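Multiple structures are listed underneath, in structure tokens.
Okay, so subunit A shows up in both of these, paired with subunit B first and subunit C after.
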Partner chain A sequence: MNHARENSWLILIGIVGAIFLIGAPQVLELFTIINLTTAIAMALLALSLGLVWGFGGILCFGQSTFFGIGAYAYVVAAINFGGTSWAVVVAILVAAAFAAVLGYFMFYGRVSDVYLGVITLTVSLIFYNLMRRTSGPEYKIGDALLGGFNGINAPPLNVPGDASWILFPEDVFYVAMAALIIGYFGCVWLVRSHFGRVAVAIRENELRAELIGYDVRLQKLILFAVGGGIAGAAGVLFANGVGRVTPDVFNLYNAALIIIWVIVGGRGTLIGPILGAFGLFYLISSLGQQTSINNNLVLGVILVVFVLLVPKGIVPSVIDLWDRKRGRRGQFRRHGRRQRRRGGRTAETSHEG
Partner chain B sequence: MDLYIALALQIVYGIANLVLISLGLAIIFGMMRVINLAHGEFLMLGGYTVVISTNAGVNIWLAMLILAPLVVGVIGVIVERVMIRFLYGRMVDTLLATWGLSLVLIGLVTTIFGAQTATTISPPIGAIQIGDFTSSGYELFLIGVTVVLSVLAYCALKYTRIGLIARGTMQGAEIASALGVSTSRTYAITFGVGAAVSGLAGGLLAPITGVLPSIGATYIAKAFITVISGGTAILAGTLSASTLLGGVNSVLSYITGPTIGEVGLLVVAIVLLRLMPQGITARLFRRSL
Partner chain C sequence: MKGEIVVETRGLSMHFGGVVAVDQVDFNLRENELRCLIGPNGAGKSTFFKCLTGQLKPTFGDVVIRDLNVNRAHSHEIAGLGVGIKTQVPNVFEGLSVQENIWLAARRFHPAARARSLVEETLDRVRLTDIRREVVNELSHGQRQWVELGMVISAEPWLVLLDEPAAGMTHDEVLLTAELIREINKTASLIVVEHDMQFIRMIADKVTVFHRGAILIEDTMDVVAADPMVREVYLGHRKK
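Let's turn to the complex of A and B:
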């Protein structure tokens, strides 16, 4: 995609997002709005993995770790502080800090990507086992009982600075949707900045990037921590949407779900994972109303089919298809630019136009 | 004195347990450099095979030692032929596809047998007495099985023709295939054997843990971390990593309870990987199996 067209797409996405932000609470029922808040939290989580995996090439199978840590940190901090103003900040910082610590061991140990995926997944599963066992009264952080299998009730968000002014579910929707829009455009800005271009360079060829003189390990560490922070923010929204945080945020099913959103939506785009998360959220909600087909089965089949048949994901495949159709008509005008852009990467595409 | 014997037994069992649940994964990883994310579900299928066939009247020993590895081994070969072989050389896609398979298997078993615990079976060996302490006889039996399994694997790799081919493929798949070894068939057999060992482990553990469609998740965290810490040498890696991690886990669990034990295992493994990113056997025991 060239920059001019990408910009017009971004404007379109911004307009659609803004309309949705303002319009949805006017049109939809309260129950749908509360559900939507959870879906938006999932979309933000998908965005965080889309950034880390799609642009940094970091194969993180346990993005649920940072999501869960964010959710738990938010609840624990909110209970201890007696208000959520700082709890949100604490949650994001704790999630980012944990990602940074874990990232230090992995990136500075130069763990390869397959190992990295399995290690991050293992960390998430161990958190799941750990939090499930915290049911006794002795397991508490400050005033907050961790509650083991049953989890903790999440205090609702309040207006920053005034703990008694608690937001209504519609207001939480506005906050969530605004957070998603800000997160999305923040990520777009990040991947277009110098930092983001270096990240992509590392994804494409780590050795080359290192020989040019970039500190690959630090670069990955920072990107991973940013992704962890965004996932933590998603955890805060999730805690608000559901009203409760349980150890299930860390489980294998959730970890798989995040990967599937990104695979289905498309790696290397930012809007793809978001659309994937929304689409699958509604698919699963509609499946939840019947019992004959198991969710795991459906997700598993989707994952296998996409890996084997649509490895790029939906959004990049659609863009490719679009390019091929448009390319035939507008080839003379765009020929030079396309060739320059694609030149080094794939030789066979340059003589296609 | 009796306390120390009982404690030592617990530690050895902790180690043997790790070896048992990791060996099938290590075989596939060592040969093909593929982490099979459906490993937990292979264990789960082994467990279901035992529970179902025992309830149908099959002798429990027959079900555990023969039926479980056989059934899961056949499933493994089918999976390799239908799915994995299209993905060789695409490491990440292999991981993702086996993850999809894991979800499919959980879904299928839930659909067929329901999400609840299937009728459980009790361990066929009772408790034994060590001085003032009682210990589980079945755990002793599992330690024995693990030792026999490790020795068998060693002999098979070291002294048989198939083992020779396997080692050759492991060291250099291209050269092996240039010398006339069908690597594709070797991989299919490896995947089958790895699955069979996982099935055996799942079957043996079924009387202790019971079976659930989602039981795989409780094993895989430990199995993954053991295999990755061990590195690519199948036996030396699994044994050394299991000894270290299982030892840490058992000792910490004895002192503080099982919650901290598992966290300790993870922390040790992550620090270990910072020091030896390719696993223990990339640094120590380099020429071992």
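Let's turn to the complex of A and C:
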């Protein structure tokens, strides 16, 4: 995919995103808007894995860890600080720092891809079980009771610097959508930078990247930490959308769901995981309103269908299809033009002759 | 004798369990030298090569590059010294374009503008300008070897280590590769591990023959080729 065409797509995505940002609260009901905020949080989470897995080649099965840590850190910090301005910053930094520490052991310990998946998933499940057991009054960080199975109520975002000016759900939607747009274009910038191109190179061939002088471990560590930070930001939005953080953010279902979003949406693109997350989020919530089919069964079928029939995911497959059609059409058109020109010339010469 | 010693190994040994792949090798390479390492299969050339490039950590002994002991150095640190490395199996970024491959190597140690001009220069030198936008995994074996060579030279190394650069190439491609290697030698010292005797004749200056993990003989190609011991090693015992 060449840059010029990619740029026109980016402009289109930016316009659609901006229209959505401004327009959605005008036309949609409040309930839908709140629900949408949660969907956006999921999309941002999918984006973080799309970056780490799709571009860095790091299959992190526990992206939910950083998401959950971000959500918990946000709530705990907000309760302790009595405001959310710094809590957001803390949440993102804690999530990124935890990803960096975990990443340090995995990348500097040269853990292979499969075990990396196992380790990250396990860490998420450890957090799940750990947080479920924090129900007594003795489990608290500062003023924040962790609340075990029931979790903690999340204080809503306030205007930066003014803890008493609390945002309405519509305003939180604006923040979430803006965060997603900024996150998306930030990732686009990142993958086009020298750093991002090296990340892709490492995905393609680690040994070669090392032999031309790149410190593969450090590169992966930084990318992983950035992904962790974005997942942490998604956790903050999620806490605001749902209004509560429970240990379920760490559970196996969530961990697997993120992977499915990215597979369905398409690895190696950034918009794919976002669309995958939105699509499946709404599919699941509409399935939740009926009882005849089991949700997980549908998800499972979707995953199997995609892995077998559309292994690249929706967005890359659509691009391929488009290219093929366009390419063929273009070929015919060029061929036709050449034929006509040649035909014209022979007609002319024969006329003269 | 040419300039100062740029690569030196002292008593370099590499053991894999009980197998001794490289056995106490003392080796010197001087500035602007072009040295070929030859030897039959299993002679320890490639293991020796991997010790030089940081892909293997020697069991005993030292590898010294320009007065710096690089025994425990990682490959990327050795590359950072200005060493260009090409491995035996072509290691390229399969899914990326030819120019992206070369840009990644050029950009590592050069600022953006210089890297861009280096890419142009390199594409020209390895004769891949016409197919610069093609994805590497769609190219022929020989072309992929050149992409890798291009990555090596675009970083402007002063020391180049090549493991079988002509493997799997057609005759014409081999000729071009030999020419390219002689050209690289104008600005860099080289160690070339190679099987193909014909190819070595085209480029070699001085040849080191490996046998059973140790250096058998080190001399010019003509002397080496005439040496009865070398013949024996290559062709096996022929007792009447």
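As a convention for this text, the second predicted complex is superposed on the first by the 330 of 353 C-alpha atoms of A that agree within 3 Å, B and C clash if a C-alpha of one lies under 4 Å from a C-alpha of the other, contacts with A are read in each partner's own complex, and residues count from 1 in each chain.
In this section, contacts are C-beta pairs under 8 Å (C-beta built on N, C-alpha and C of every residue); 3 or more make two chains touch, one makes a residue touch a chain.
Fair warning: this is a prediction, and the values are worked out from it, not measured in the lab.
**Q** Determine, under the contact definition given at the top, whether A:G288 touches first (subunit B), second (subunit C), both, or neither.
**A** Touch partners of A:G288: none, neither subunit B nor subunit C.
**Q** Of the partners subunit B and subunit C, which touch A:L297 in the superposed model: first, second, both, neither?
**A** A:L297 sits against subunit B, while subunit C stays out of touch.
**Q** With the two complexes superposed on chain A, say which partner A:T134 touches: subunit B (first), subunit C (second), both, or neither.
**A** first
**Q** Looking at A:L211 after the superposition, I want to know if it touches subunit B, subunit C, both of them or none. Which is it: first, second, both, neither?
**A** In the superposition, A:L211 touches subunit C alone.
**Q** Under the stated touch criterion, which partner chain does A:G161 make contact with: subunit B (first), subunit C (second), both, or neither?
**A** In the superposed model, A:G161 contacts neither subunit B nor subunit C.
**Q** Would you check which partner chain A:V198 touches, where first means subunit B only, second means subunit C only, and both and neither mean what they say?
**A** second
**Q** Can you give me the overlap between the subunit B contact set and the subunit C contact set on subunit A?
**A** Shared contact residues on subunit A: none.
**Q** Any idea which subunit A residues touch subunit B in the complex?
**A** For subunit A paired with subunit B, touching residues are 59, 61, 102, 105-106, 108-115, 117-119, 121-123, 125-126, 128-130, 133-134, 251-253, 256, 259, 263, 292-304, 307-308, 311.
**Q** For subunit B, which residues count as touching subunit A in their complex?
**A** Against subunit A, the touching part of subunit B is residues 33, 35, 37, 83, 86-87, 91-93, 95-97, 99-108, 110-111, 214, 217-218, 220-221, 224-225, 228, 258-259, 262-263, 266, 270-271, 273-275, 277.
**Q** Okay, in this complex, where on subunit C does subunit A touch?
**A** 53, 55, 74-76, 79-80, 85, 87, 91-96, 100, 103-105, 107-109, 112, 148, 151, 155
**Q** Give the list of subunit A residues in touch with subunit C in this complex.
**A** Spelled out, the residues of subunit A in touch with subunit C are 194, 197-198, 200-201, 204-205, 207-216.
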